[in-house]
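Next up: some structures, all given as structure tokens.
Both complexes shown next keep subunit A, but they swap its partner, so subunit B is in the first and subunit C is in the second.
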Partner chain A sequence: MENNESKLVAMQKERGPLLEVKNLAIDFTTDDKRAVHAVRDASFSVYPGQWVAIVGESGSGKSTSAMSVLGLLPGTGHVVGGSIKLNGQELVGLKQKDFDKLRGSAMGLVPQDPMSNLNPVWRIGTQVKEALKANNMDVAHEKRSALATALAGDEVKLNDSDDETFIGSTELPALLEAAKAAIAEAGLTGETAERSMAYFTEEWVPGSETRWRVADDLIKAGVNADKAWAIAKSHVTGSTMDDRIAGLLSEAGLPDAATRARQFPHEFSGGMRQRALIAIGLACRPDLLIADEPTSALDVTVQKKILDHLHMLTDSLGTAVLFITHDLGLAAERAQHIVVMYKGQVVESGPSLEVLQHPQHPYTKRLVAAAPSLASHRIISAKERGQDANALLEHRVVGEDKLEHSDAIIEVSHLTREFKLPRKKEMFKAVDDVSFSVKRGSTLAIVGESGSGKSTVANMVLKLLDPTDGTVTYEGQNISEFKGKRLLDFRRHVQPVFQNPYGSLDPMYSIFRSIEEPLRIHGIGDKKSRVARVSELLDMVELPKSVMQRYPNELSGGQRQRIAIARAMALDPDVIVCDEAVSALDVLVQDQVLRLLNDLQAEKNLSYLFITHDLAVVRQIADEVVVMQHGKLVEHATTDEVFDHPKMQYTRDLLDAIPGGKLQLGLD
Partner chain B sequence: MTDMTTLPGQERYVAPLDETPLQDVDNVDESAPASSLWTDAWRTLRRNPLFIVSGLLIMFIVIVALFPTLFTKQDPNYCVLENSLGKPSPGHPFGFDFQGCDVYTRVVYGTRTSLSVGLAATILVVLIGTLIGALAGFFGGWLDSLLSRVTDIFLALPILLGAIVVLQMFKTNGSIWKIVLVMALFGWTSTARIARGAVLETKNLEFNTASTALGSSPSRNLFRHILPNSLAPIIVIGTTSLATYIVLEATLSFLGVGLPTTTVSWGGDISEAQTNLMTNPMVLFYPSAALAITVLSFIMMGDAMKDALDPKSRTA
Partner chain C sequence: MGKYLLRRVLQVIPVVLGTTLLVYALVFALPGDPVKAMFGDKPVNQAVAAQIRAEYHLDKPFIVQYFIFLKNALTLDFGQTFAGQPVIDEIARAFPVTIRLALMAFVFEAIFGVIFGVISGLKKGKWYDTVILLVSLLLISVPTFVTGFLCQYLFGIKWSILPVTAGSNPGFIDLLMPAMVLGSVSMAYIIRLTRAEISSNIAEDYVRTARAKGMSNGQVMLRHVLRNSLIPVVTYLGQDIAALMGGAMISETIFNIHGVGWLTYQSILKGEGNLVVSIVTLLMLIFVVCNLIVDLLYAALDPRIRYA
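Up next, the complex of A and B:
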């Protein structure tokens, strides 16, 4: 392994960079003809077979840089300076027609949003076929990258180009028969023979495995070389288009690929769509694959599976990957080389671990400090920060003490919610017998993947949805009995902060009106005192008073989320339900909002019910964790216990999937 | 170890700090000009030549309608038969019609009729349509089914045919209001459909859920949040349909079922002028031109509004 790696490095050195970007500058022209510098003086390089990550927050120019390599700058963007060289060929100034020749065959793309990047009216297979046809790919033979050939050179002796022929689906049964006979002939029996056959059945995927691999597998199983090659030659004679499509999809990790190829995108989950997009991106065996936040829209466990698979695949194909991500932990885990971008410039670059362990630019330092996946303990509130230097160590004790001695403010017992599915008789149980309690002044986090029922629980606690069975009590009273004045009073004490910072504020309302709304609904104060209260609240969330006259569309996502928190705080509530409140934010902003929430909790003795899919965030904010899966409560314990001694396999899977979770930091 | 694996061009690099000064996390740009949906729309409109041209034309048309005496000192109903089909002369730039009435004066006074019918019909249509559409969209369920079916039934009736039938039934006493009511009766459907769609879309946005959780009642949500956010497409269709009501009024008056002949209107004048189309086409031309310019102005205004208020639908 070591040996292989140094061989790869030697080969990379010898061949030189696959992609070389030098002093790249990209401008966008606005409506009134002003130039906005999206990227300035950016330089980085990617070597064959290497994973390079560009890390940055939204607007840092990371996607723009990557798209300029593909010649796919959106709208009014154009390269105004520098050079981009792929295999020595200059791409800046290239005509779209020439880009067409490179895209697909030399460079592939795995786009960000799996939901919108597949054509909904075409079968998945047709869309893979389109990629193959557009580049005139030979579907009967494997195209190997020079690097893969060179690396495998010593192990594999290829006689002629036909040794790269794929297995066809029609000839597979005969091939397996022949293999069975050959194994029997070689004197192998019983379990050994069965194991070999099982291995062949699994590995010999039509349209994906090639003749020399079949021969190689047979030889490894114990068949003599001449016999093995004879079988491979007579039974592996090339695949059809359909075989190749299925082969590509199964390489990307789709089970039962031949059937899946005939399905439409809406029949696929997000993860499956992303696999299909990976198959399309790699269909023509490009030397360079550009992956633009390929898994940001997916659950962490799915993300881990897909990236693991992609890593294996690109390694075996010798494909280099330019990996765009906002997650420093993920970047460090996956890539050998990291490029950090900030405000359109490369601020720091270098080997992943080195950048992570010894960040030098203040921006990188800030990123490392804020990355939730790298954090190892709960955020300490400002109050506690001020107390003494040992607060960090004492916090755990303080936290546990708090949990034991305070009473429950919200109690959820045997909560169940069923939904009627269209065209189906039986009811779908979104939430199934969930019980927990939120203790006064503490944070309980509900963690789960999409579809786990966690948001449904939040909506029932907020009394926006009525449970099918079970109860939610607030201060010992069943909230389903609240009506009229009592309900209004409950609303006053239990406030929500929602996920989408773009949707949760009325775009027609000025910030002042938005924050004032709860005061107005509950008839609190007169006009003058409300103005005073709103400016006090803005102060609390660290926003200048001048934003009062502004509208939500003028503020960033993080600022809107702070406005939403100010609105929730307006009525001095006891409980705040945060439904994925920080999921849509960049890490630095996320960190800022989490700290704000934490400070407010310490100051006002607030209780939080924190819904999230991100276990890394949980560690920063929660005292207790409830893990949900398929509507059921899987595990319920204190945060430290869940992180240090997870009891259930599902929790362990979730913890394993935290990107960069196992990286050693040299920080503290 | 590091030196061995580091490839040329991938050495450790740290940008000098003065090149990219670090800013506060997520700071507010206090210097940026304030903008809301409406100020943004206004900014877009101001730069749109379509809006400027149509705006000036509409302003002119409104002034003519409000103060016809500024433009002519004559009485539109003062007709001298001996001037029948007379050529233009000083003081009578457009000449005379068959009855010997001054064409210029009649065109000026006809503006008021057309505009008030169009405006009144549009206001009524927008009110009725928005109410029905908003109720259907907001409450959904059986009310939505009922209102949507009623909308469909009215949509299936051709507006012109319906208007002719109804106006024939009440032919006796003629006033502007009769024709306005008839147009509103058959015209509210498209507004209702658009309002329903807009309300349905806005209803599911998170800020409504947020308001409910703050303690806001459903009716408060509807009137304070959903309706104001659904207004833009309704305004757009209102502006464009104003033009169609003006045309419809002219058509009905032309067919003789619209305004009584005693009311000065472009449609009525066009109808009368057609008898002398072969001998004296200019008598037909002037009221038709006035009608065309007015309609065009409102359609252009509608397009400009659409660009500003509904940027998604903008054609490149």
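Up next, the complex of A and C:
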């Protein structure tokens, strides 16, 4: 392994960069023909087999740079200067027709949003097939990348190219029979033989594994070499298109791939779709794979699985990866080399650990400070060194000792909610017997993957949904009994902030009207005092008064979320329910919003019910954590306990999924 | 699927009963006595009139007349016109003409609507996109009879390329201009629909993914842009067949085509209740069947839609 790595580095040096971007400049043209500079003077390189991450916030030009390599700039974008070289070939100024020849076979793409990147009308298998057909791929034989062949060269004797022939699905039963006979012949019996057979059945995937692999496995199992090669040669004669499609999908980690290939995208979950897109991106064995935030739209646990798998695949295929992400922790964990982009320029680049431990540019320093995955890690490492971690917990204002004697403002007991599923008799339990309480002036976080029932709990606490069973009490009173004036009063004191700041503000309302609306509904103050109150609220969330006259589409995501918080704060609530309130935001903005929430809590003695799938954020903000899985509460403890001594395996999985968890961090 | 089909077919029964009753009531409520009208200028012979009334059941209450019609209709006996012709013969004469006209209009609007829509959608903002948009807007806003008269004047009289009117038992050339006029409004809608679909689909993420696979531009357009864009266009076209048959009344009157629209209009004027109700029932059945086909086609074209 060590040997391989040094060989890889030597090879990279010898061959030079696979992708070399120099002084790249990209402009977009506005409607009135003005040029907007999206990328300026950007330079970076990717060596064969290397993972390089471009990190930056949205609008930093990271995706734009990556798309220009593929020749797929959106809309009016065009390269106005610099050079992009792939394997020494200049790509700037290439015709779309010539790009067609390179796309797929020389460079592949794994796009950002798995929900919109598959055509809903074609079967998954058909969409994989398109990639194979467009590049005239030989579906019966593997195409090894130049790097893989060179690396494997000395150890693996490739007699001829036929050794790269795939197993076909029709010949598999006969092959397994022959293998069984050969093993018996070799004198293996009982458990050893069974174990070998089980291994073969599991590993020999048609359309993915080759003749060489079959022979190798048989030899390793104890069959003599000549016999093993004889079996491999007579029983592995090549796969069909359908076999190859299933093989590719199963390589990407899709179970039961042959059946899955016949399904349509809408029958797949987000994670499965992303696996299909990875299969498509790697179908023609490109030298370079461009992965544009490939897992940002997915849950953390799924994200980890998929990235692990992608890593393993690209390593074994010798594919270089240009990895676009906004999470520095994730970038550092996955890539050997990091390029930091800010406002269209490369502000810093270097080996991952170097960038992380000794950031030079002020923007990189801010990114390192803001990345929640790194922040929570910083706390752990400080504790390990016996340092006082409290200094790092700047977000946590409320001391734990204070928690003990504060009373519960919201109490949830044995909460259950069932839904009727179409065409099914039994009810689906979205929330199953969940109990917890939110203490006054503290933050309780509910953590879980999508579908764990956490948002359903939030909706019941907000009385937007009635529970099937169990109760929610606010200040000791059962909220299901609230009606009329009492309900209005409850609504006034318990306010929501929702996930999507784009969707939760009415685009036709000015910012003033959006914030003023709750005051008007509850009949608070007159026109003049309401204007004063709105400007006071804007002040509180650190926005200038001038935004009052503007509309939501003129503000950024972070600004809109601040407006949503200001709106929630308008009525001086006691409790704020944040349903994934920061999940859609960039790390820097996320950090700002979290700080704001903490400051407000300290100032107004607010209680938060914080719903999120991101444990890293929890570490920064919560006092107590409730972990939910499949509608059930699986763990409930203080934040420190959950992070330091997780009791359940599921919680440990969630913790492991925080990117950057295994990084060594400098504490400068 | 089978259950869904059965449900849809059973739904037709109350629809047929409801419409026939409504149309029958409307014809019954028309002012004027058809029997008196048959005598023209001659004095009305009360005995003969009573005999005619009895023969056509006009002396019975409305609801009884309606059930007699229904009972006969079940045995495919739609009765006779006042002139003594079996209603079924009149319909058999008129329907083929209208079907020919509607099909020609359909082919015309489908071909030219999609072609111009695709050109327009792919080259948004070019001068010919603007021209195509303007012409389609014009076709939508100008009433059919104006377009009809204008075409008659230009193609028929001024340049004498096509016959001005069709007359009874018209051929392909006779129906060419009426079909184009009849299909022009729908064509304009199809242009706009196709254009909007193409220009929104071309910006979809999966189109970019397809390009990233290395597919050629032509393949990407055909398999990912056009294929997806045509789903709503095909559903529109399916529903339009029925609309073309029922809506041919104006065109048939302008071009003197003895089709269904023309026949309906004539029979309303004469108070031929049986004839009107029979035609309307048939048109409605065509409408229902077309709608069912469209719904099934929609499910076949878009895998996200499944009926159970």
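By definition in this document, the second predicted complex is superposed on the first by the 645 of 668 C-alpha atoms of A that agree within 3 Å, B and C clash if a C-alpha of one lies under 4 Å from a C-alpha of the other, contacts with A are read in each partner's own complex, and residues count from 1 in each chain.
Keep in mind that, in the parts below, contacts are C-beta pairs under 8 Å (C-beta built on N, C-alpha and C of every residue); 3 or more make two chains touch, one makes a residue touch a chain.
Keep in mind the model is a prediction, meaning the values are calculated, not measured.
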Which superposed partner A:508 touches (first subunit B, second subunit C, both, neither): first
First, second, both or neither for A:619, with subunit B first and subunit C second: neither
First (subunit B), second (subunit C), both or neither touched by A:350: first
First, second, both or neither for A:337, with subunit B first and subunit C second: first
Partner chain(s) touched by A:417 [first = subunit B, second = subunit C, both, neither]: neither
Between subunit B and subunit C, more extensive residue contact with subunit A: B
Which of subunit B and subunit C A:588 touches, first, second, both or neither: first
Residue ranges of subunit A in contact with subunit B within the complex: 5-6, 9, 12-13, 16-17, 20, 44-45, 47, 50, 336-337, 342-343, 345-351, 354-355, 360-363, 366, 462, 464, 487-488, 491-492, 494-496, 498-500, 503-508, 510, 517-518, 521-522, 543-544, 546-547, 549-551, 553-556, 558-559, 564, 567, 571, 588-589, 591-592
Interface residues, subunit A side, partner subunit C - complex: 70, 72, 74, 96-97, 100-105, 108-109, 111, 113, 116-123, 130-131, 134-135, 264, 266, 277, 280-281, 283-284, 423
Of subunit C, residues touching subunit A in the complex: 203-206, 208-217, 219, 223-224, 227-228, 231, 301-304, 308
Contact set on subunit B toward subunit A in their complex: 2, 4-15, 17, 19-20, 22-23, 25-26, 28, 30, 32, 34-37, 40, 205-207, 209-216, 220, 225, 228-229
